[in-house]
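To keep things simple, chains are lettered A, B and C as they appear, and every chain counts its residues starting from 1.
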Amino acid sequence: MMQQVIKITTHKRNELVDITQEVNKIVSEANIETGIVNVYVQGATAGIMIQENWDESVQRDVISLLSKLIPAGVWEHDAQDDNGDSHLKAGIVGPGECIPVINGKMGLSTWQNIFLCEFDGPRNTRNIVVTVMG
Amino acid sequence: MMQQVIKITTHKRNELVDITQEVNKIVSEANIETGIVNVYVQGATAGIMIQENWDESVQRDVISLLSKLIPAGVWEHDAQDDNGDSHLKAGIVGPGECIPVINGKMGLSTWQNIFLCEFDGPRNTRNIVVTVMG
Amino acid sequence: MMQQVIKITTHKRNELVDITQEVNKIVSEANIETGIVNVYVQGATAGIMIQENWDESVQRDVISLLSKLIPAGVWEHDAQDDNGDSHLKAGIVGPGECIPVINGKMGLSTWQNIFLCEFDGPRNTRNIVVTVMG
């Protein structure tokens, strides 16, 4: 069992940030051969998505898709914080993923990377809690 | 390790019910310092979503969004049960979330609460299985 | 703790394949009374969804819905692989689910089954990693 927090600074309102290397490092240090790792972002306007990282095209497509499905400025919550779309995107994507640990490494396939999805940035600090269990 | 079932009554066809306090109670009783808690709803027409709970606006926006993206009455399954939209909403939201346990408490941020999403209510009983592992 | 890989062949570009029996078998062999099972598909163009299995209507409705929300052929990534829609569907559905283990069996309700969602088939082999923890 190991638990650590990754801190990420974001720079745009909507942005995908690859955190695979940071999670890899924690899984390595955990010295657990077989199990799962849970990656969970705190804050109700961000999410975690497993996605391809061949280039940045899929990341931009994710933002385009979500902005089309969940447009800004048309929600009841906009009367409070003007970020109803951010909450809805975060709710649909979800705050976390569990990934198997196989032979001491994450069981991601070649093109699967872990992305922090920022939907209400920029933010100085997004806290991502990584828990490795075996 | 602790596992308990939360039983919730729902009152509308589409409704978000905050179950954070019920899950908090189980995590407290589990006496686990570090780990994860899995929250899972049984039934193929409900889901679990982490979402803001400042007021009820985001909860209503979630229902509006899903009803816009997944309209009622236009699905092949409606010929059986007339609830094709309920199944599709449940599939997209998903039946469960894993949340880290940090220092004996759930690692939710200030505005993150856990919601049962009812998509085919009202129902006398929705069973939510809570499993705390450390 | 038990970890095994299920190998599935898919036959269509978009297809839902019921893998509940295969996961049940692994959970039985794990001899774990209480805990969770994580079901995770490798590959950035597939997902795991819990969904009804009364007949195949909901499975076809899932494919119709996702094709309507995420049309093919209109994404930046299509310039690379012509499968931008496959990645986006996989990202929204997500690669995994955690299901509680109760009295040695999966805590699925009557109509909840586990489906591999193929979004870029046919494929000779989709690897699904099943990890049972108690």
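We adopt the following convention: contacts are C-beta pairs under 8 Å (C-beta built on N, C-alpha and C of every residue); 3 or more make two chains touch, one makes a residue touch a chain.
Quick caveat, the model's predicted, so the values are computed rather than measured.
Student: Between copies chain A and chain B, what's the superposition rotation on C-alpha atoms, in steps of 5 degrees?
Tutor: 120
Student: At the place where copies chain B and chain C touch, is the share of residue numbers found on both sides over half (same) or under half (different)?
Tutor: different
Student: In angstrom, rounded to a whole number, how far apart do the mean CA points of chain B and chain C lie?
Tutor: Chain B and chain C have C-alpha centres separated by 20 Å.
Student: Which positions in chain C touch two or more other chains at once?
Tutor: 69, 92, 94, 98, 133
Student: Contact residues on chain B for chain A in the complex?
Tutor: Chain B reaches chain A through residues 34-36, 49-52, 54-55, 57-58, 60-62, 64-65, 69, 92-94, 97-100, 102, 107-109, 111-112, 133-134.
Student: Touching residues of chain C toward chain A in the complex: what are they?
Tutor: Against chain A, the touching part of chain C is residues 1, 3, 38, 40, 42-45, 69-70, 75-77, 79-81, 84, 87-88, 90-92, 94-96, 98, 127, 129, 131, 133.
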